[in-house]
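To keep things clear, I will list the structure first and then write my remarks on it.
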Amino acid sequence: MYKEQLLGKKTAVVGGDARQLVIAEALCKKGAEVFLCGFDQLNLTEPGYRKVQVDDIPYEALDALIFPVSGIKSDGDIKSSFSAANLNINHQLLERCPESCLLFSGIETSWTASSKREFVYLFEEDDIAIQNSIPTVEGILWLIIQDTDYTIHGAEVVITGCGRVGLTAARVLRSLGAKVTALSNNKSEIARMNEVGVKAMHLKDLHLCIKDANIWINTIPGADIINEETLTASHPNIFIIELASHPNARQRVLTGEKNIHYLEAPSLPGLVAPKTAGNILAKAILDKIIEKGE
Amino acid sequence: MYKEQLLGKKTAVVGGDARQLVIAEALCKKGAEVFLCGFDQLNLTEPGYRKVQVDDIPYEALDALIFPVSGIKSDGDIKSSFSAANLNINHQLLERCPESCLLFSGIETSWTASSKREFVYLFEEDDIAIQNSIPTVEGILWLIIQDTDYTIHGAEVVITGCGRVGLTAARVLRSLGAKVTALSNNKSEIARMNEVGVKAMHLKDLHLCIKDANIWINTIPGADIINEETLTASHPNIFIIELASHPNARQRVLTGEKNIHYLEAPSLPGLVAPKTAGNILAKAILDKIIEKGE
Amino acid sequence: MYKEQLLGKKTAVVGGDARQLVIAEALCKKGAEVFLCGFDQLNLTEPGYRKVQVDDIPYEALDALIFPVSGIKSDGDIKSSFSAANLNINHQLLERCPESCLLFSGIETSWTASSKREFVYLFEEDDIAIQNSIPTVEGILWLIIQDTDYTIHGAEVVITGCGRVGLTAARVLRSLGAKVTALSNNKSEIARMNEVGVKAMHLKDLHLCIKDANIWINTIPGADIINEETLTASHPNIFIIELASHPNARQRVLTGEKNIHYLEAPSLPGLVAPKTAGNILAKAILDKIIEKGE
Amino acid sequence: MYKEQLLGKKTAVVGGDARQLVIAEALCKKGAEVFLCGFDQLNLTEPGYRKVQVDDIPYEALDALIFPVSGIKSDGDIKSSFSAANLNINHQLLERCPESCLLFSGIETSWTASSKREFVYLFEEDDIAIQNSIPTVEGILWLIIQDTDYTIHGAEVVITGCGRVGLTAARVLRSLGAKVTALSNNKSEIARMNEVGVKAMHLKDLHLCIKDANIWINTIPGADIINEETLTASHPNIFIIELASHPNARQRVLTGEKNIHYLEAPSLPGLVAPKTAGNILAKAILDKIIEKGE
């Protein structure tokens, strides 16, 4: 890519965590002007940066507007790791952006769904989700090593869901010597797991696997798979890692009652490898801005 | 599965190779009656088998009719490894089957496309294609080991296409120590290759890779990727394996002219592992017959 | 193994960490009487346990005496994680043990070397060192994931030493997608690394590798490999993990001066997987006691 | 290495197969004069080559004398793939070589053992044996794919011996999806197999494993492991691959009587990858000649 490929472009980064800084830096390096909102605690002195309040962003002139990967909450609130102040956006502000302005968020929320504008949901793009599965799985390794007193090698691990994260997790854990069983109700996913050397079966056989499992990793969002019945069927010392972004609130109560080791780990990439995770997003955002400009 | 699950079912297996025998045996074991057509050279004495001529199949009574994985040729000809006689079917015969009869073939051909009846094309089912990629790739190993005087370990291998066969081939060859580069124009496939540890890039960069490659495996059907331009860009000692079922006739001429080691290997599973390949198909066929019966 | 295989045997566990508890428990389960010394902070109520002071151990009656894996310090001091009191042994006490009593320690120290009695140094047994490399390498993963902001996947990792830990580390890191270069001055070790798919070269080429490395893991004890020259040759952002039990004191100073990210991680197994690490030792100790009894 | 590093050196290559040609070519490229004996069927016109009879080799002037990897038979006979004539050497001829002349052979035989001169036995060097295990294992893959009608993926494979070839075979077959059990009576080898993810156990448990095995690969030379008792314990459809150079003659009889699929495959590297296998030897020979000259 040419160095000055985004020269003259105006972009804004609103809220987020360390990943957003990687994105801002990448935009800046390509020559774009970057308006930063929700980063007051940081001392950012690059010439291409301008810190602004949410009302002062030059929406009408923007080529791209980037929200956090966790999305915009139902009331317009935006999470920001580098600001103590409340960060909030409303639909009127957003509508001031020109039609040509690209809007990026990680996931769809009721706020973005009800917007008149279309968003690019980065985490719903298949290739980004696959790339993102790598830091996610390294985060899983980190949690397991930290929270157990045995090795991954030799541990019985059950993975529910054989999609993007499930396949990466199964492959990596197997290569570390774990005895992995992966479950899905998709025949193709089961076939691929088998090819890779991982024992795979239909989700309806979950109760057979968790009986003796040391670790259970759930990658299926909104599945209600961690419930009264499955927790009763689980080994009492099982360690459950829930990866879904918005886990069922009931799960925390149930596992608490049963005294089961349970951990919600919704956003591991930003936690364990913000730079790599930020680069994945930055590359995708730059590609889309440049594509649009062609 | 229950032993006698197909009791009372009538099925016919018309033409094919050793895989069809595995299918016939599986049907027989489940209690189905099996009419065999095009197997005159074999002495089959199982009580459930009946050898018949193509005109004598009781089409009206059939629950399933199974054609070879290579499909039915445009003129209705059917390949049969165990018969010297010509085997041919016409549309009138087929239409005598009841609506409920399942028709199986490996791939669509102009003959089956022009039929009034719907076929199950086994090789187009994603999960079967993934399972089938395993014997395909073992066949590739066999060809390489046989036809080269160097080891796979350390060889530079280029794979065009990162789909079902491409991913399996890349994973296996890398674990054998080959230096694999995989090419695709699908971003998700490239991301998955990278995750698995295989260098992956866009197909447009093919000329960069084949310059120094020892081996080039093409998995993209009908792609015209092996052409004047790419052959000129290839290393003169390259060994090209073409996996497509119906390779471009021009390829053979071109590689001959340029004295390039070129091999068409369209149906490796039936060649190197007929039993496993037959079992994959048998399981899929049985599942579909049983599902239908429920 | 029979349940009561150690019935009537008297053993003592003196000092140590969570691994020693696993050992004590294993001895107890086999029917041995276990004298525990240096565990005052724990409430151990198993019938086979007896907490004693170091002077009150019935040395004359012992079949086995187990010291911590970190060994006995030059002045006879013994590390104990579960006691605030000072724990010290002298040669006179030790000599009261009968000839037939097995003495276990992890590594040789000047104290044990000057003893009139022979020790079994568990960490010097090849098979135990290989088994122990597994929790060591999981500890390395944990450190890297925790201390870097990028993924292991894609990172350039240099490993000095291709022995027990080096081979395990290289294999695991490669399967996680790191670009690993392993260095040794042993031709056979280099050949094995190459077979496994890891780039391997002679130690004299270290300066070529660390120039661009993200991570450098040293597994060679007492090698003085981390020195002025190699630190100058290293990439300024390199992260160095030193696994040797007794690292060169100068290394810490030098890396501090150069502001290089440097971490000494001498006993990862006990830290990240005390149960597995304890089981490895317990199994070896039980085998030796039982062998002796036969 | 410098191009003319062996300028002025005189070497002789006596008998052998395609690997010897690779060695001769390597010597020639480095500037050595190469006397070739037993290659009459080949038209070799390189300026550095001289075809001679065994009596006409200028023994007194030689710096290196290279015999085939299969060694010299008890009567002095030497195998040669490229000559119909009988090739034979006697001790008197050999003793004409100067003390400084390096003598290379693959393995020790009674003839070389009874020689007054010392030989370098290339296949007994640990690093060469490890490198050579790679073409050996690719040869094993080739045999299995060719001789069975099922895939390696999913097959139950038993490997006796966990040394150089055993470890490579186990690692590769596992990565192809086979269910591998490796057996050894060496604790360290068992520990390494376990680390790599391969089920490993003591050789005394062989009868438990071969009961259900599809394939049994023996890597232990002269072990008499394939005998009446183990063949009776084996699955009747087992496929046995014997890798030892001089297998027990009784094995062939016994497996014949029991109608067991049995194959002796003593020198796979030269068969499936003569170029790689020759390069491994050539590199080792050059290194030793150059080392000596320094």
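All chains are identified by letter, namely A, B, C and D, in their written order; residue positions are counted from 1 within each chain.
The rule is simple: a contact is a pair of C-beta atoms (placed from the backbone, for glycine too) under 8 Å apart; a residue touches a chain by one contact, two chains touch by 3 or more.
Bear in mind that the values here come from a model prediction, so they are computed numbers and not experimental data.
Q: Spelling it out: a chain qualifies if it touches chain C and also touches chain D; which chains qualify?
A: Output, common partners of chain C and chain D: A, B.
Q: Higher C-beta contact count, B-D or B-C?
A: B-D
Q: Rounded to a whole Å, what is the gap between the Cα centroids of chain A and chain B?
A: Chain centroid spacing, chain A to chain B, equals 38 Å.
Q: Chain B to chain C: how many Å between their CA centres?
A: Each chain's C-alpha centroid was found; their separation is 53 Å.
Q: Express in whole angstrom the distance between the two chain centres, defined as the mean CA positions of chain B and chain D.
A: Their C-alpha centroids are separated by 37 Å.
Q: For chain C, which residues are shared contacts with two or more other chains?
A: Residues 134, 153, 175, 177, 194-195 of chain C each touch two or more of the other chains.
Q: Indicate which of the five shapes (line, ring, star, complete, other) describes how the chains touch one another.
A: Here the contact pattern is complete, since every chain touches every other one.
Q: Given the complex with chain A, which residues does chain B contribute to the contact?
A: Contacts found on chain B: 126-128, 130-131, 133-134, 167-168, 171, 187-188, 190-192, 194-196.
Q: Where on chain C does chain B make contact in their complex?
A: Per the stated touch rule, the residues are 153, 174-175, 177, 194-195, 197.
Q: In the complex, go through chain D and note every residue touching chain B.
A: Within the complex, chain D contacts chain B at residues 18, 134-135, 138-139, 141-142, 145-146, 148-154, 172, 175-177, 272-276.
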